[in-house]
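Heads up, the next two complexes both have chain A, just with different partners, chain B and then chain C.
Up next, the complex of A and B:
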């Protein structure tokens, strides 16, 4: 692990921001708290995806399968078999990791290029949705309703809106640290090398399958865990959303808009896009249905045009012009 | 100095302050004693936007009438103020908007199309904030504060459809024995299908196969070919508007009209089918061997429905023909008027109690549904009388009600 990582985890700024969010959660209204929780969960999902999509450069469109496993299977295990959701969380994360390794195996076995890998995972994403819709054990297309939260932490209940916000904030924080840890570890270097030139990486002794499989397993397990928390937060586990490949696209969009070269990218993009989308629909959705989608679309197009590499690189550029230096700059200079 | 220590924090403070402001609670708006604030949460965009686009104008039209006629009398003529929201046809989004309407907009109750998944997502919020929610069309009502005017999948959809098939055999010599199940492969379609399987088996019908329709697919030629291969006398199931359009287009293209199609609701009965199919295909594919299951129909001879239909058609905003979603919307508005009159207060628990007591009897000018038992809620917070109607299309795009007998405007006719 490079010393930069330890610098990050000792950073008063990072912990200051996290504590600020945590404290704000104490006073936020239930509506804003709900949006903030969703934002944190999207940060977690986007960070989990960025490990394969950003560091390894593999455009996986099957991450909805891992969300569905974490959300639906863990809920079904609890509702149908009485298996504690903490245990379900671990089982589903392990199963997701195995499926992730299988994707990496397919990639290695058939030497799939980036485009082929994306198409293969898209197919798995669609198949995953169809399996969920036709599998009664996980509720089929009707989904599952979890019992009311009574604040029993041992039963994976976090005691209402505020509890879920703090849980999601903790998860997003852990995921951010994991991303930084990978970025500054040997695995992170191997993944970036494989992303940039796989043949050259192999020539210097980097094993594609092993490293991609590890990345995929970590990413899949993290996605599954976020899915389980999403399910418990929303109480009703809706397969048309949580198992849909559209969710994969949303996650990719957030990670890409933020910028894939630094863990801050997905986090910043989620903090901007998720509340913006929700608040905009709240303000305009009633009077002018659809207008909020148009404005949201324009924002995304504007960001892409202004900074094709993402929002964070754009912010970095602005800071640089003002003579400042920030974490993203340094991350990119020394890591990505 | 650490990496993050290099950051010039001060420059980020405005951005952090903006995020902080978003998280801060917005002070509740002061409630005017002479108004009742109602949250209206419909699917105005997304895959089920047809329901909201049709239901909301009718709902608003009736609420405007209530306000013009003196408001809620038991509350000293209090006017109803609507706070509008869009669920985007997604359960999670519906939950977020319900939370906003209840906690930010301080509404006394929430009403909306709220299909079953949206209802399931909203019900924990209704219970948490002890706020009554009325769904136009959910097939169930979960929780203490949720009520639905919709029909249950079993005793509403499946029971009516199976009894209609039995009636066709008994009174109209259709001789339907072999049944195929054709349904949209999503939550409602699957649930109705399960109930149909059970009821059809109990009634002695022979189920020859299933034809699930993918919700996002426009081309249903393969499904129609599969149905043709099953040699079924009749096909039953719940079908979405998009799947209905695809199914009838395929029916026309293949010239296959032998199997009697029975199903609904909107996928077989909504006027939007004519708009999507065009007159030529519509006349060929909708008027032969097809019966649609609906909550209600503008073909009704009930005076209150006829009057409402005329009024809605005359309204400028209702440029196109109206369907069952508009009637449901108007009925929801009248129901809320009755509930508020009973409650005499904006207190949410009193409104909930009023929902449990309210009854609009058959023959009442405010009842827009053809139901012998009128409209009232049982212990499950669903309508006590949950009978739908079966309709048959005519070439001029109007409908006849063919079942139940007491509301029928014409007998069911087979035409291949």
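Up next, the complex of A and C:
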């Protein structure tokens, strides 16, 4: 682990923002808490994805499979077999990690390029959706409803909107720290060499399969855990949302728009985009359904045109021009 | 130290090497020469494990190398400085060097080796915080060699180190290789630049359309009619 990592985790700015969010949760209304929880879960999902998509540069479009596993299978195990959701969470995360390693194996076995890897994972994402829709054990196409939350933590119940918000905030914080830890560890360096040039990475003795498999396993397990929390948070586990490849695209969009060179990228983008899209839908959904999606789409195009490397690098540039230096600047210098 | 026998290799239906045999002795500085398409890079890529030979044997210190994965070969001390340098442009010079010394056998002596690399190429020391991609081609080649040295090679294999460099920088690079050789490093250098290579190496092998056409010491090769034919197609 490099010293930069400890600089970042000791940053008062970062912890200040996290504590501010936690305290704000105390007063927010359930409606706003719901949006905030969703935002935190998207941060977690985007950060988990960024480990393969950002550090290793592998565009995985199959991450909806891991969300679906964590959400649907853990819920089904609980509803059908009475398996505690904490246990289900661990089981599904382990299973997701195995599937992740399998993707890395395919990548290495058939030496898939970036584009072929994306297409293969897209196919698996679609297949995952079809399996879920045809498999009654996980609720088929109609989904599953979890029993009412009674606030028993041992049963994976966090008791109401505020509890879920704090749980999701904690999850997003842990994921942010994991991302920084990986970025500044040997694994992070090896992944970036593989992303930049696999031949050169091999010339310095990096084993592509092992490093990609570890990254994929971590990313898949983290995605699955976020999926389980999402399921418990939303009570009704909807396969057309949680198992659909569209969710993968949403995650990729958030991570990419924020910028993949720093873990702050996915976090900032989710904080901007998820509430914006929700509120927009709330304001405009009544009069002109669909208009909110159009505005959202235009906003995304505008951000990509304004800063192809992402929102956070753009913010850092503006910040630097004004002579500032903060956690984002420090992380950018090392993360680029 | 490194024995190549009956090496055949190719890409898909195209076969490039048709039975190559040569031996690299401990402490040698061997130039692997030849015109474009002769198969020089294919040999070096077979040695580093990036290309799988279709038949033949490669033995390094008595161990068979064919079929081993590239990172395993690097771990054994057979280290390639790839063609076109292939440094990591978005990382600092220091990080590039550290990566080269990340293998199991090299990591313990990483800081000693770093000092030796900086002594060999003081330019790298001056620029150690700079992004590698912002350096000149010659400096990047220095970095690529330095990165290879960080892995503590028993044999350093270079693929066209003079590619795209000015004559002055090519001389600097080859002078550094000569110094490494004098310090006891075994070097295999693939090159198109015949005169430059023969001026610094102890011996050479000339490759012509996938087979060894002639081998020998520098002056022998320079004026050999087969060398001229291999280069000029006469």
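We take it that the second predicted complex is superposed on the first by the 334 of 336 C-alpha atoms of A that agree within 3 Å, B and C clash if a C-alpha of one lies under 4 Å from a C-alpha of the other, contacts with A are read in each partner's own complex, and residues count from 1 in each chain.
Here, contacts are C-beta pairs under 8 Å (C-beta built on N, C-alpha and C of every residue); 3 or more make two chains touch, one makes a residue touch a chain.
Not measured: the values here are computed from a predicted model.
Looking at the shared chain after the overlay, A:196 reaches chain C, while chain B stays out of its contact range. In the superposed three-chain model, the partner touching more residues of chain A is B, compared with the other of chain B and chain C. By the touch criterion defined above, A:57 reaches neither chain B nor chain C. Of the two partner chains placed around the shared chain by superposition, chain C is the only one that A:186 touches, whereas chain B remains out of contact. Of the two partner chains, chain B is the only one touched by A:13; chain C is not.
In the superposed pair of complexes, A:205 makes contact with chain C only, with no contact to chain B. By the document's definition of touching, neither partner reaches A:159: not chain B, not chain C.
In the superposition on chain A, A:293 makes contact with chain B only, while chain C stays out of contact range.
Of all residues in chain C, those touching chain A in their complex are 48-50, 69-71, 74-75, 79-82, 86-91, 95, 98-100, 102-103, 147-148, 151.
By the touch rule above, chain A contacts chain B in their complex via residues 4, 7-8, 10-14, 16-17, 20-21, 24-25, 27-36, 38, 133-134, 140-143, 145, 148, 160, 234-236, 238, 240-241, 271, 275, 278-279, 281-282, 285-287, 289-290, 292-293, 319, 322, 324-327, 330-331.
Considering their complex, residues 186, 189-190, 192-193, 196-197, 199-200, 202-207, 336 of chain A touch chain C. Per the touch definition, chain B reaches chain A in the complex via residues 2-9, 11, 16, 19-20, 22-26, 40, 44-45, 49, 52, 83-86, 88, 90-93, 95-97, 99-100, 103-104, 116-117, 120-121, 123-124, 127-129, 142, 185-187, 189-191.
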